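Several structures are given next for inspection.
Two complexes come next, and they have one chain in common, chain A, joined by chain B in the first and chain C in the second.
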Partner chain A sequence: MRKLDGNFVLLVTLIVVLLTIGGFLSGGTYLSLFNLQSMANQVPELGLLAIGVMLAMCAGNGGIDLSGIAMANMAGVASGLFALQFFPVDEAPVAFTITFILGCAVVGLIGGTLNGLIISRLGITPILCTLGTQMFFTGVTVVLSDGRAVRIGAPGPLYELGNGYVFGIPWSFMLFIVTATILGVVLRYTPYGVKLMMTGANQKAAKFSGFARARIVTVTYALSGLLAGLSGAIIAARNVNVKWDYGTTYLLIAILIAVMAGVKPDGGYGRVINVVLSAIILQLMSSLLNFIGLSNFVRDLAWGALLLFFLFVNRFALVEHFADLLSSRRSPHAPKP
Partner chain B sequence: MKQGLKNTSLIVAAAVAAMGMVSTSALAQDGKSITTVVKISGIPWFDRMETGVKKFAEANPNMDITQVGPSTADSAQQLQIINDLVAKGTDALAVVPMDPAIIEGILKRAMDRGTIVVTHEADNQKNTMVDVEAFDNAFYGASMNERLAECMGGEGKWTTFVGSLGSRTHMQWVGAGEENAAKYPGMELVDPNNESFDDANLTYDKAKELLRKHPDLKGFQSSAGNDVLGIGRAIEEAGLAGKVCLVGTGLPNPSAAYLDSGAITAIGFWDPQKAGMAMNSVAKTLLAGGEIVDGMDLGVEGYEKVSVKPGPGDGLLVFGNGMVLADKDTYKDYLF
Partner chain C sequence: MTMVQDMPDTSIPTPHESPRPTIGALFRRRPELVSLAILIAICVIVASINPAFLQPSSLIDMGRASVVTGLFALGVFAILAAGGIDVSFPAIAALTMYSATLFVINVWPTAPMALVVVSTVVGGAALGALNGWMVHTLKVPSLIVTVGTQYLFRGILLAFIGTVWLMELPPQMIAFGKAPLLEFQSGNGVTVTLPMYFLVFPAAALLTWFMFNKTLMGRAIFATGGNADVAERLGYNQRIVHIFVFAFTGALAGMAGIIHVCANRMANPFDLMGIEIEVIAAVVLGGARITGGTGTVFGTITGVLLITVVNNSLVLVGIPSTWQRVVVGAFILLAAAFFVKRSHKS
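Now for the complex of A and B:
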């Protein structure tokens, strides 16, 4: 049997606890369909960025992607301007939407590949490289848009993606779950996924085993960029407008989500499902605080406390210890393997 | 083990009960709720607005009236707060948008859901029922610039600061300022539209840079509430108080020292307290099913006889008469 994933258990428990507290405190409004949909609609843009951060962290060698939200905004603005040139929003909404979303993905891929190449070929520390590209991408976005918000308009399908529902579930949330599932499968069952984790866990061993380290790192950052691009498309779909300074606080929150999900900051371990759950928890907490009407400074405090708590719990594997303790109590004479 | 479990469950029960008490006291009132959402909380400008919101709450004890805002200047954070408030079922929202474009979508959904939406400092907001402005923005920008030109003697290099390039009112003020300055051929605009992000320290650094780059810089026109503090400090530290002119939006209390030393020539402002009350007053009227008409009295000083124009969307634009331009000699009348 596989070892118990303590982090997973903790995250699921937290979700249940938060939903219970929320429902109780708000007299049910918190659990109303409207609020659940509203919350589910807010998760994807941040969740995709957090998965990107996770990928970068898994690659090891101090891996991190600070350029996520900057890239998402750049993708939205660049692709938006491009698509607006070719397809008038009102006349060809479907062609516009497809071009726009593909454009976002392409811009994200290019930006991510740039990150990957700088890190793997030039051997520059990821935190410095992505800090640089973050400013660069922001700059490009400002220049492209003249610092103004770019109105993507509200063509049918795109607006539907950002605000519509399928069987009561927001489209954007479905897209998020599908993307996460694909990535989860890729990381777990393909040679690329296995090699990524091994490279992250031990650079030297990977090198001597003949892994194409540079290629793995490049692909990883490119994937992170692709996710940021998708996030940009969702932001545009949801808000109808894109702007260079949207979500400046997302950068740190995305890292918080990844760490809460038990992704090892030194590389080599991370599960997509945990990141998804962790993103949901952050949304639940954030909405809960807004529901209670607490000051938003309390929210910052809560995030900080949460981050430290999870670092502590994961560092000492507390949940696993506790589970071991429980099982050994239950069956004191269990034969040792 | 069992004992331990019992203890934990007791603690959990106590915690839940305690939180329940908090929530019942918050949700006890059965009157309508109006929530004011500001750009950023914890800065003097919106603290002053909160005093107005509190005053209005005291005058309407049967209603649930509060003010909230993000802790950092990020439109995404403000968007999230509005999202949650709409989901929570708040009856009326009075929003001071960080970025009107970003929140168009959620405001539309809010109105579709039957929420009353009132905005402030966003005369381009399409999805709003009423946008309340303290005064005509072009007039305000031109008046500030006229005061600056008077101080500069109508000639010399000058520059402008805005909160952010997306802050529409700020851009209108400096735009009107530039137009006004065109009357004076001797005035030369250099490096315009510096972004301050309403952060006094950042503004201080930028102003220092500008003073180094242009040693003959003679004037600043600034827009966001904290800009005058940053620029004023830079001017004072450079020993240029009284030599370089600075006219900008600011609050009397924080600016007092710089006004006295001459580092700030004059501050223009409208009282955010009154603006907050005016927004809530409009929201209350709309909640009661009333209409906003030209020349009506909102029951707030400076908004006794508002002018109403059609807005960019289906909503209305309401202008008050709340502009104040205060200098060294007059600021003491407005201490807040």
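Now for the complex of A and C:
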């Protein structure tokens, strides 16, 4: 094990604390299998978007992906309309599902690559580029669907993906964990991952080291788009309908998850496992607020306040102080970060 | 040495530019002229396809529609010039306008209109100052901070202040929204009115122009946007610059909010959501670079008119309104690409 990751410890502690509080407040129903399953079912669509935001932030140079949820909706609508044309939902559910999911991934990949190319080749700042593509993708979705919801229907396999379980664990959650694991390994052990973090940490050093910066940035945004596409597939599987204005608060929440996970908005640092834990925490809190019976408006307020709070925590390195305290007790020779 | 190398070559015209001023060089130096050319081209095309575009009623409609966007855009321009970005101003506008209207209706129905306007402006400035203070203290991209405060402000409004539409405005607010500046009969006998509040837009533009071109604060904002480290070494207090520029935007947003209420004759707490992208688009179309240090008030006004014309003329030329977002999104990307290319060349 490398140095003790303070963020990781904090996030795990938070999960335990939230589960305990929830258990007490609800008299146990919060910890029932049904509730845990339904919470796990809601994590993936947001978690995938948050990992996308994390990747963009890691690339540095003001990196951020604001087009995530717009891309997810576009993927769901475009791929849904495409698959509906070729496969009747009721007659060929398997073919429909496979086409639909692959379609979502392809649309996401294309959209993400577009983002990446605009940012890396044209040199437009990521904020402006993804702001523009956010509006553009939303517009394309509106045009394709004529502003109405598109009914994907509930063919067997797709319904299973959105609502089914394997060994008591929702399929979508499994898919999320598998995707996150693959990405985590890629970021940590492949040259691409190492170069991505180094580029984000120091643009100039990366340039003089001969990194193909443009390619790294393009791949990063393409990956973010792919994740958004998958998120779109899961949204469609869970909701039966897809619509252009689904999840208007997801952009804030995805950024919140990434910041809570300790991802540096300036680039160069972020861990997938922390983002996964952070997404789980957000879901736990969301359900908890639901249990207490607070309105959606209070929840939005809480997310905004929480984002600012974690920016404060990261700014003054409160977690690192805490971790230093812990690790200096455990092993006095642990290398300083 | 390194210090000098780090400084981006911002506005100093290099002596070995082309000897006689070509159109290209002029456009490179004054990017807002490109937006103006596009604006005129669009107006000519739309007018030739559908002459209804040039009717006084539709022109005045656009003038009215440009006021709120324009006030927002002037604020965003100031923040962009300082090298930041703000997405919380619609929430500031919604919070101040709704609270002020609610207060006037329930507590003090005879409150003078001037006081109402002043209170929203001051309230907006205070919320903006909070933004600025946090951006300065937290040292993170202002986009992320203002995404947070956007939900904070909107959440405070909807969770604690109110969610119902206020349809019965007090008489002085309705009078403010209706007071005519210009009034005449259009061809089909309908009275067309350009309201008095339209004047607020040019007045605010003039104020912004004055601030940027005639005061030290304007210099400080451009310097900060060009290179924050250098500006700090030059002795510009970064904390004051940040708080001032965000408060300025907040004040304009408060003003825009109360005008929005009076013009629509109701206060809807869910209004103005999502307008931020369009406003940022307008400012960028006006030639302000999102990385800061550049831009003009004239360009910003051009950008606002461009967005307003595009929004209002799509239907006139037979493009379905569902295409509006595609067009505006494409405009943002094209404008950004164009201006980036320009800065690489010069």
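The definition used in the following text is that the second predicted complex is superposed on the first by the 321 of 337 C-alpha atoms of A that agree within 3 Å, B and C clash if a C-alpha of one lies under 4 Å from a C-alpha of the other, contacts with A are read in each partner's own complex, and residues count from 1 in each chain.
By our rule, a residue touches a chain if its C-beta (ideal position, glycine included) is under 8 Å from a C-beta of that chain, and two chains touch if they have at least 3 such contacts.
Remember, it's a predicted structure, so these values are computed and weren't measured experimentally.
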Overlay on chain A: chain C relative to chain B, clash or fit: clash
Touch check for A:Ile21: first (chain B), second (chain C), both, or neither? first
Is A:Ile127 contacted by the first partner chain B, the second partner chain C, both or neither? second
So, A:Gly139: does it touch chain B (first), chain C (second), both, or neither? second
Looking at the overlay, does A:Phe297 come into contact with chain B only (first), chain C only (second), both, or neither? both
So in the superposed three-chain picture, is A:Ser38 touching just chain B, just chain C, both, or none of them (first/second/both/neither)? first
With the two complexes superposed on chain A, say which partner A:Gly147 touches: chain B (first), chain C (second), both, or neither. both
Examine A:Ile118 and indicate which partner it touches, taking first as chain B and second as chain C; both and neither are also allowed. second
With the two complexes superposed on chain A, say which partner A:Thr13 touches: chain B (first), chain C (second), both, or neither. neither
Between chain B (first) and chain C (second), which does A:Asn241 come into contact with in this model arrangement: first, second, both, or neither? first
Of the stretches 3-11, 57-65 or 129-137, which one of chain C hits chain B? 57-65
Using the superposition on chain A as set up above, list the residues of chain A that contact both chain B and chain C. 142, 146-147, 248-249, 295, 297, 299-300
What residues on chain A touch chain C, complex-wise? 62, 64, 118, 122-125, 127-129, 131-140, 142-143, 146-147, 248-249, 251-252, 255-256, 259, 265-266, 295, 297-305, 307-308, 311-312, 314-315
Contact residues on chain B for chain A in the complex? 1, 16, 19-20, 22-23, 26-27, 41-42, 66, 68-72, 74-77, 79-81, 83-89, 99, 101-106, 109, 113, 164-166
Chain C residues touching chain A in their complex are 85, 134, 137-141, 143-145, 147-156, 158-159, 163, 274, 277, 280-281, 284, 290-291, 322-330, 332-333, 336-337, 340-341, 344
Please output the residues of chain A touching chain B within their complex, sorted ascending. 21, 24-27, 29, 32, 34-35, 38-39, 41-42, 142, 146-149, 151, 162-163, 238-241, 243, 245-250, 286-287, 290-293, 295-297, 299-300, 329
